[in-house]
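Consider the two complexes below, in which chain A is the common component and chain B and chain C are the respective partners.
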Partner chain A sequence: MRDNTLKYLLVMPAVVIVFATAIWPLIQSFRYSLFQGRLTRPGFPQGYIGFENYTWAVSQEPAFWNSVIVTGVYTLLTVALTVLLSLGLALLLVPGGRFRMSIQTILILPFAMSPALIGVSFRFMFNPEFGLFDAFFGLLIPPLADISWLSDPILAFAVCVMADVWGWIPFLTLVLIGGLAAVPSETIEAAQVDGAGGWQVFRDITLPQLAPVLAVVIILKSIFSLKTFDQVYMLTNGGPGTATQTLSHYVYFNGLKYGQLGYAASVAWLMVIPMIFLTYAYAKLVFRKAQQ
Partner chain B sequence: MRTATRRKFWRTVQTLIIVIAAAVMIVPIVWIFMAAFKSHVDVYQLKLLFKPTLANFAAVFAEPYKLGDKLINSTIVATVTVVIAIPVATLASYSFSRFRLRGETTMLVMILATQFVPAVVIVLPFFVMFRDVGLLDTRTGLVLVNLAIVMPFAIWMIKGFIDGIPIDTEEAALVDGSTRMQVIRNIVLPMAAPGLITSGIFCFIIAWNEFLFALIITNKDAVTLPIGLALFKAEEGDLWNLLSAAGIIIMLPMFVLALIIRKHFVQGMTMGAVR
Partner chain C sequence: MASIRLKNITKRWGDFVAVDNQSLDIEDQEFLVLLGPSGCGKTTTMRMIAGLEEPTEGEVWIGDRMVNDELPKDRDVAMVFQNYGLYPHMSVFDNIAYPLKIRKSAPKARIPELVRKAADRVELLQFLERRPRELSGGQRQRVALARAIVREPQAFLMDEPLSNLDAKLRVTMRAELKHLSHELQITTVYVTHDQIEAMTLADRIGVMNDGRIRQLGTPDEIYNDPANIFVADFIGSPSMNLIQGAVDRNCFVTAGGQQLTETPASDLDRAVLGVRAEDIAVVRLGSTDVDARVYAAENTGENVVLTLQLGEQRITCKEDRYLKFSINERIGLRFDSSKTYLFEPDSGARIRQ
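Showing the complex of A and B:
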């Protein structure tokens, strides 16, 4: 067979699978979003209403805006905290040596943990009677000693953020260690010989060199934060009330618990919009790397 | 002298911070390991010394929890997903890596983009379709939706590995009269094998830990391990000793797999944006 035909035949099965499992559901979800679409009634999707689900979500549903705010604040906090803490840890670990290498190996473990299990373990750690972190924070900040973390809206949100940051620090740290290792040590040494201090070296040499890797990490983390579902479901199930209800959780509840699939699909599609921008930025970074 | 003491001081501070950070990362995991061996009396106390028991592991596999069924489901679903995804992705990656295709960049960006689509968007139509054709609560259905998240990772990751294989041997074999398929089978596959195994393990971990699809698609027969965790939420509160035992069964095999492929973890997760 000629390569010219073969090359298309080789990609065909993969393209078909990606189309069937990802592109088709995306389009189909959009179609649902234009219908009333009650899951429990026959003849789904029924009742074409154009973009009414979208306008309804934006103008009539405080719960939707609540989820937007929860997801937004959650994303900002988790991205900022994870990136800053990981960068710090990466800088501490990058010199290498046996001690630091063994710590790096340990770092793989939390990332192989299922996010659902991370949710469970943080509920365990913050149990008011026998949770280890709960006891620790109680010792550190006495007013928190008798508080049931997961029943307080703000503290429950804080626990969700902590669980997420805990789960992502290891991975981001490993990525940043990779990025830091690529910074040429000659440049750093030359700057030190010229009398540059630690902070100056970091700001003027390390940080600019690390920028592309940092960009990748920030975009990737933002995407995963915006999608968050598993931990929150296992940790608080959106509660107390709707204090930790992320957009994914809101879509899940409206679509599959209340059967309002059309409405849920419209909210899901509203989630896709920021993803398009982030994916575009990410793709640009990946392809720049590929061309080097 | 002064600078030497100061340097020594800073080195100690650094080591201390690293140790604390490592402790924060490891303590929740250790705590779960301990709780899994505690009796249900000991688990409700903050104590480090206790009489270890294997009763929790016996309990989670017995009625009514029957975690063994979920273990089988998880193993089958993750294995079949990988067995489909890796060969298909390998052929596509080879083509993307070695040829210039019309619309190649568009295809690759689309494949990358599907990875970033929220899972809730993808699962809604699958739920409706599976309900209509009777695939709800089946392992087949779960494999199909899992392919949606695994395929893009597999394609991008394997493409990275094949890009790294020098093309010379292939060209020499083609000149000597081998067909393209022979080249793929006899030259590319053996050289890419470590990469393919790494990608396979990586995809296995993703499929194994997958939660949202399994939560929505399954309810009894095809329930996987992560969803099985919900079994241990009882009326009187969470059964932490059993939850921990189940947690170990979920995470221990993944720890082993993650350690095997730890060198390639970063490349896989970032789909080649960071090597």
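Showing the complex of A and C:
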């Protein structure tokens, strides 16, 4: 057997698996998005309708646009809060003493929890009758005691954001600690001697050198925020009403709950558009770094 | 420009004493080199002057200010780091301009002119638009120098600035540093473990070991009049021969019983005689009381370095490169008593009489 043939033969199983589990479903979902695709009616995927599902979502469905806005605001808030808080924590922990390692270990714990579990536990904690937060606020600020957090559209949304930020801070903090540790201390000391104060050193020296890591972190977190599903599903199930219905949740509802698979597939493919930009930027950053 | 004064400076980390109750007066415009093996406390001493370390005890004075409580930025010193400490995300121009911009010490419009002047001094003018990573080691070192000289600080602090350069470049940069320091006339503290750098650059050298300056003096004094065994051993290449023996009736006698040289010292049971390799003369066998066997002869091109078996001990000596020696050859040696040094074996202190 020639070397070349053997080469392809050895790679074959991997190609088959990727094709079967990633590429084929992608193709299929795209095909369904071009059909009526109702699971509840005979003859699935029924009639070919071209891009009508797409135009319908964009032009006729306020619920779709509601999810776009929810997802957009959710992504903006969670990315901004998580990155800022993580950066703050990382800056506090980087020069730290001997307790750093143990603190880091404790820090990672929230990240070790599954998002669904985070959703469930936050739902418990915000329960208006026996929840932790209710008791807590009731003690500190009595007027807040009887607020039913998850029934108010804005508060429920805030709780979702909070749960997500809580779950993601540890991981981003660890990544940023790594990034900060890679900034040569000589550059910071040189700036101090050159005449820069604490904030100036951070702005002129630390932050620019941290920028590549920060960019990776922001993009990565954006991707995860855009596709948020499990936590919202467990915490509010998109409600009250559709106040916390992210796009993933909207896709799930339409596709698997209402059986409109064709329509759900088209919305999923619409979600791909921002993802492509983010993934491209991410790959470019990461691989450019690897090449250097 | 200012003098720098350290008053009983101590730096401890837990039980480890890096600098031990050290005082030091550095004159205005002086070029002072702190020389010593790694871990001797020389860099820590410099970092305490810069404000990058806080002394555990003692006072740091720059000019007439006690600066213990001042941040590095307020001490008005410039520092050159071992790994240059350049800002990788800034061009050479911006690197050099940074201290001016951040201090607002010069009007904005004058910054380009000052940067060009500093860059010109270290021959960097054609590289101003480049990033540090596009420069060679020597060029990076020049950027670090330019960034230090672009403003006129009270003092320069240089932490092993040449140690990352290759041997050839180091010699060139050393000469440039010497020229630059002569031109600028600014108080400089320079840390190195390289004795040649210390000897060539310094007005005065402080030889450090175990957190203390063991001798402070001009290069000549350090080389020709070492105060103790540590300094004698550390300075010079090859290092000074330290021969164990005793003093008996004004004569230094080796452990093996050979009478090496006269000495004015009174009788001692144990003593160490220091003599530099170039101060031992090889003579015809039998013409002196001392004889030795050639253990190895190495021609360095410049001269011949002999390793000699003298009784139980081995010593090195430097001879003219045209002389030929064969291994195991027996030769006579002559010691010049004016170029030998007597030390106390336990404390290492010089015995002077």
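Methods note: the second predicted complex is superposed on the first by the 272 of 292 C-alpha atoms of A that agree within 3 Å, B and C clash if a C-alpha of one lies under 4 Å from a C-alpha of the other, contacts with A are read in each partner's own complex, and residues count from 1 in each chain.
Operating definition for what follows: contacts are C-beta pairs under 8 Å (C-beta built on N, C-alpha and C of every residue); 3 or more make two chains touch, one makes a residue touch a chain.
Since this is a predicted model, take the numbers as computed values, not measurements.
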Completion exercise
So, after the overlay on chain A, do chain B and chain C clash or fit? They fit
Practice task
For A:Lys221, select first, second, both or neither according to whether it touches chain B, chain C, the two together, or no partner.
Solution key: neither
Practice task
In the overlay, answer first, second, both or neither for which of chain B and chain C A:Glu186 touches.
Solution key: second
Practice task
Using the touch definition from the top, say if A:Arg38 reaches chain B (first), chain C (second), both or neither.
Solution key: neither
Practice task
State whether A:Asp194 touches chain B only (first), chain C only (second), both chains, or neither.
Solution key: second
Handout entry: chain A as apex of chain B and chain C, Cα-centre angle in degrees (nearest 10)
Key = 80
Exercise for the section: Check the residue A:Gln209 against both partner chains and state whether it touches chain B (first), chain C (second), both, or neither. Expected result: second
Completion exercise
Max touched-residue count on chain A (chain B vs chain C) belongs to chain B
Fill in the blank from the handout: In whole Å, chain B and chain C in the superposition are separated at their closest C-alpha atoms by 6
Practice task
Would you mind writing out the residues of chain A in touch with chain B in their complex?
Solution key: 1, 3, 6-8, 10-11, 13-15, 17-18, 21-26, 28-29, 32, 39, 44, 89, 92-93, 99-100, 103, 105-117, 120-125, 127, 129-130, 132-133, 135, 166, 169-171, 174-175, 178-179, 213, 216-217, 220, 223, 226-227, 229-230, 233-234, 247-248, 251-252, 255-256, 261, 264-265, 268-269, 271-272, 275-276, 278-279, 282-283, 285-287, 289-290
Exercise for the section: In the complex, go through chain A and note every residue touching chain C. Expected result: 184, 186-187, 189-197, 200, 204-205, 208-209, 211
Problem - Touching residues (chain side chain C, partner chain A) in the complex - result: 50-52, 71-73, 75, 77-79, 81-89, 98-99, 102-103, 105, 147, 157
Handout entry: Footprint of chain A on chain B - complex, ascending
Key = 14-15, 17-18, 21-22, 24-29, 31-32, 35, 43-46, 84, 88-89, 91-92, 94-96, 98-99, 101, 105, 107, 109-114, 116-128, 144-145, 147-148, 151-152, 155, 179-181, 205, 208-209, 211-212, 215-216, 226-227, 229-230, 238, 240, 243-244, 247, 250-251, 254-255, 257-259, 262, 265-266, 269-275
